[in-house]
């Protein structure tokens, strides 16, 4: 449904899976992007990493003359169409306007989304059946639990349009990355260079934190000063040697 | 740009211009609609009444790789397209996500909107140049003043799609009615009967408040009880006689 | 309905009508009471002063199996009973839980309350028909306008029980005082001494502000130091002489 | 202290203990009740289920001339009376006005409540000694931890009156049900039919989620379509056979 | 008390007094500064313009062992020192942490500030005796009225240090500009160029709004396109001729 | 950098480490201090206790002409100076204005702080790399995770000045105590007596909760009445005998 001119290579995806969202915000800030981390969300599965492409779903407020049913019509309901449309690598990103008075998704639909091979779900609204999400093999980020059906507050209207989620812009095809801290959005055209930059930055930070643990001051170390660059380069060579197989 | 199968007759529009938003919420509640009044908005011109059809404009959060200019491109910018598209009887309704950190519209664009014959503007965001709106002959409803350009917070993306505005659903073509209390949304298919019901209700309330001013108890009067219905009917006949010319 | 062992003398009421709520908070703070001013309320009639005794009305959240009518039953509805029970000198104080999603009172009931001789209304909720309150000769304090009927959010349950209003305790019989700044609560047993203290304090402040307008420093003046007390006493004598009729 | 004309049968209580709060909100919505789940609360013991009848306790804001002691008077203090009044099957539900600036209950009182056989505690305020609640064998739902005594913010005034708790109406005798997602309120007169409906609904959902885990689409399954009803009935018979002993 | 290496020339001050805060935010955004407008403040005197240099005053939360008096010590209290230190052209800017539960300043002190020749007051807290400010010849911006003394919430600690006010950085010596829309902060080193740029921008906007009032489209006009620049230049020459005295 | 005339003796520190923050708020309230618990913070390490002296760090809002770098200058940046200045027993307390839109500290700096022997960190802002804090042997209290660098929202300006943290005053040298419930502030001059009082209070509460667990009513027990004091004294003697080594 979306044009996705920019591919996310397996190598970039793999790199994004290893670096932290904190490192990625720094790389995005270096490129002028300040607001990419979706604040206020918690992961249902902090043990899983999220990497995938945005498949967006837009909700508007419900109104009694339109959409107040308990039994959904799967053929017409846009939420249901979304669930049966996401595919491998997709992250279903829901604009639920931060609504705390009803759910935006429940466990049966999430199970179906996982079964379709999607990479994850991000909503700035609530989950119902939230305790059940711990058993679903899918990284899901949300604001709070709420037992009530989405239909009392939400009317789903659009798939794959630009949306806001938790105050952050999400375009269809944007790259979503999540860890235990939360989830952020990378414009597709920046994903590769940001991933590469993040991988390099994490090496420098790994070097720094090792030295700090040994008792070093952060001066000249974090950020890395010229006077310690040679030491860092040597550490890097050692580290690579050690990580090479036998 | 929108299909508007349901017309708003001049008679209905005229009736809506005379009844209060408070009366209209009662009529909508009688038909099962609870959430139609957009809370938290203030009018720039409490002396003007707003009646018109929704022409919607949707904003999403801005991002630096997309839309952070000071000088707008009038041929591509969706906000500017909206301004040059609204026509007589249209109410430009903006989904600005309740954002208080930047404006969603300024006085030059509002002047242009008024000049194009639009019926009004409703935004759940801020206005800039807000003191200037008192001099523009257009009813505008907004949340707060903010001097900063919309582009630091908003990226306009869609015209005439369903939106949320201040927590209330607005469909293109819905009827917007505003008075000094605020503004509400009437689904187009209900406008005529709601207007008629409101006009009748206001007569009953006018009768009631006159009696209350004279010292009557509200018992049997508000709501009107059967025991006073004949008195009301008589008052109604008198009132109509008095209001007839010559 | 309440026992009001402590009378509010006409002299105390008269004094309270002349002093500001700002001065009264100082007097209450001197007696250890910190939280007496109800924040966040605006007056419908900033030109009127409010002085009276609390007649409280408590709302709880509405529920569909209980209280969701459009037409109220005046014989059973506790809000309507309140309206027909308040008398001269009473201030109807409504605990509306700060609710911004529906009204807590409208203009017909307020007209009736005024007609019954009540001293005013204070609600931490919304008013409907709010533009009409400017024409009602009654000081009313409220949070915001909202066109919707109270019944969609509120179910009235109790008269003359202790309530919270805007975060401040109100006991039946407490003295409410309002000016253009807002409204505060004085425990009945403190009203007389607080009024007296406030009147004295305002004289000192009148003396101070006159001197400040003439160019004096606040040092030794506000608060009044011993070195200027004689000057103050002289000013006081002069002032009294001038205000005495010929 | 309350009249409880409607009994909660052991069978209904047992059913409510097995179904989720999410399922119960659907059943209540089918009967027209939208707002029954108390949002924003967390359980101290997500491993325990809560089922019981509301015994309500109402707090109002504290004031220094009334209730600012450190040492409570157990014979007069309404909070203490509540603690020594709750009995088997009661859920103490506290209207703490959502206050986040002081506790509404601590661990010694909660231990006493558990010892008296109560079914649980629900407060829209804070707990103090909150880490200790993990060791108390009682399901307790609350908003946040706060170390300070309740008396700096709360003055307890009433037992077993209608209250609001987290924006939801609670009448004395209402049925409270809680799971790891949160807690909701069922009007006593609806408890039996809602429980029955929920048990049936959960079977259908169990059938659906099993199919979804096997790879089925939600189309025709959730909600269950006529075309799969026979399959469901067969599954149900099988399931019952398997769950029968011997 | 502050070093103010950068002077604010009378010409720049005069220009700033004539341009709107809306125009100034555009000029600041062109120079990369996004957050300069202090949102959420209202003027006591929308008829006055504010232009001056920041003289900052920092409050921290009050604590009972420190600062809970009713009678202030003018020789030691930092708020009082501030009042007696501000001079001509100073704007007293108060960091009141957005506190809505007590005042941050009252009318006697504001009268003294005006008498000392200060240019204005900006606080992100409340005013007490707020109705009285209409009679003080001083532009004051604030969040809300509150009758209670500042000492119940605030302890003043510092003069002329960097502060946050309403979420915006204010350095001592920064230029504050206010109109009926609100107030913003200009770094001193940018004041002159921003003022000049704003004056030019307002001419272009005056030209644009005149054309729009006559019925012109905003296309090519706002922003001004090359195709209409000659027309603008001609208008400018005419306008200057007309404004020259006879 | 601070004068710390009042020492925190090892005995007092040891006592504070054993008593709960709930007990300490009661002791502070007895001495007139109501607002000492910093609400809304969560511990990174609920298994660790925090006791130490405040070393304060003050942030103001960032502005693009000042402090918007990605690479910090460790020699000039006040945050970095703070990190390299804290010593054994210090608690770094950060006034981050409750900001939820960026971090106030990350894991490398926190590792350095731990390595310097500091007693802990308290911030009313966010942490980045928050999942990593579970592995740092340092009690840290914070509001929420946020992946973004502090520089997009914060400009650090001062060390060891009075600050507000989560609405509570913190003076340099104040004693901070934290447990799994949260963290509070004790004025240094009260630390010893408050610790002593808390230890005594906890014995009484231990006696009470043991009795309550056995089935006793709270009447006469909590608070402890005169009629049970002898029983308590006997229990105390027994308890001390049992706790004495062989």
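By written order: A, B, C, D, E and F. Residues from 1 in each chain.
What we mean here is this: contacts are C-beta pairs under 8 Å (C-beta built on N, C-alpha and C of every residue); 3 or more make two chains touch, one makes a residue touch a chain.
These numbers come from a predicted model, not from an experiment.
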Number of steps on the shortest touching-chain route linking subunit D and subunit E: 2
Check every other chain and keep only those touching both subunit C and subunit D; list them. none
Where subunit D and subunit F touch, do the two copies share over half of their residue numbers, giving same, or under half, giving different? different
Report the inter-chain centroid distance for subunit C and subunit E in whole angstrom, where each centroid is the mean of the CA atoms. 33
Cα centroid separation, subunit A vs subunit E, in Å, comes to 41
By residue number and range, which residues of subunit C touch two or more other chains? 34, 36
Let me know each pair of chains that touch one another. A-B, A-D, A-F, B-C, B-E, C-D, C-E, D-F, E-F
Write out the stretch or stretches of subunit F touching subunit D in their complex. 20-22, 24-26, 29-30, 34, 36-37, 39-40, 46, 179-182, 184, 205, 208-209, 212-213, 215, 217-220, 222-223
Per the touch rule, the subunit A residues reaching subunit B in their complex are 31-36, 60-66, 97, 155, 157-158, 161-164, 167-169, 187, 189-190
Give the list of subunit C residues in touch with subunit B in this complex. 70-72, 74-75, 80, 83-84, 100-101, 103, 106-109, 111-112, 115, 128-131, 144-149, 152
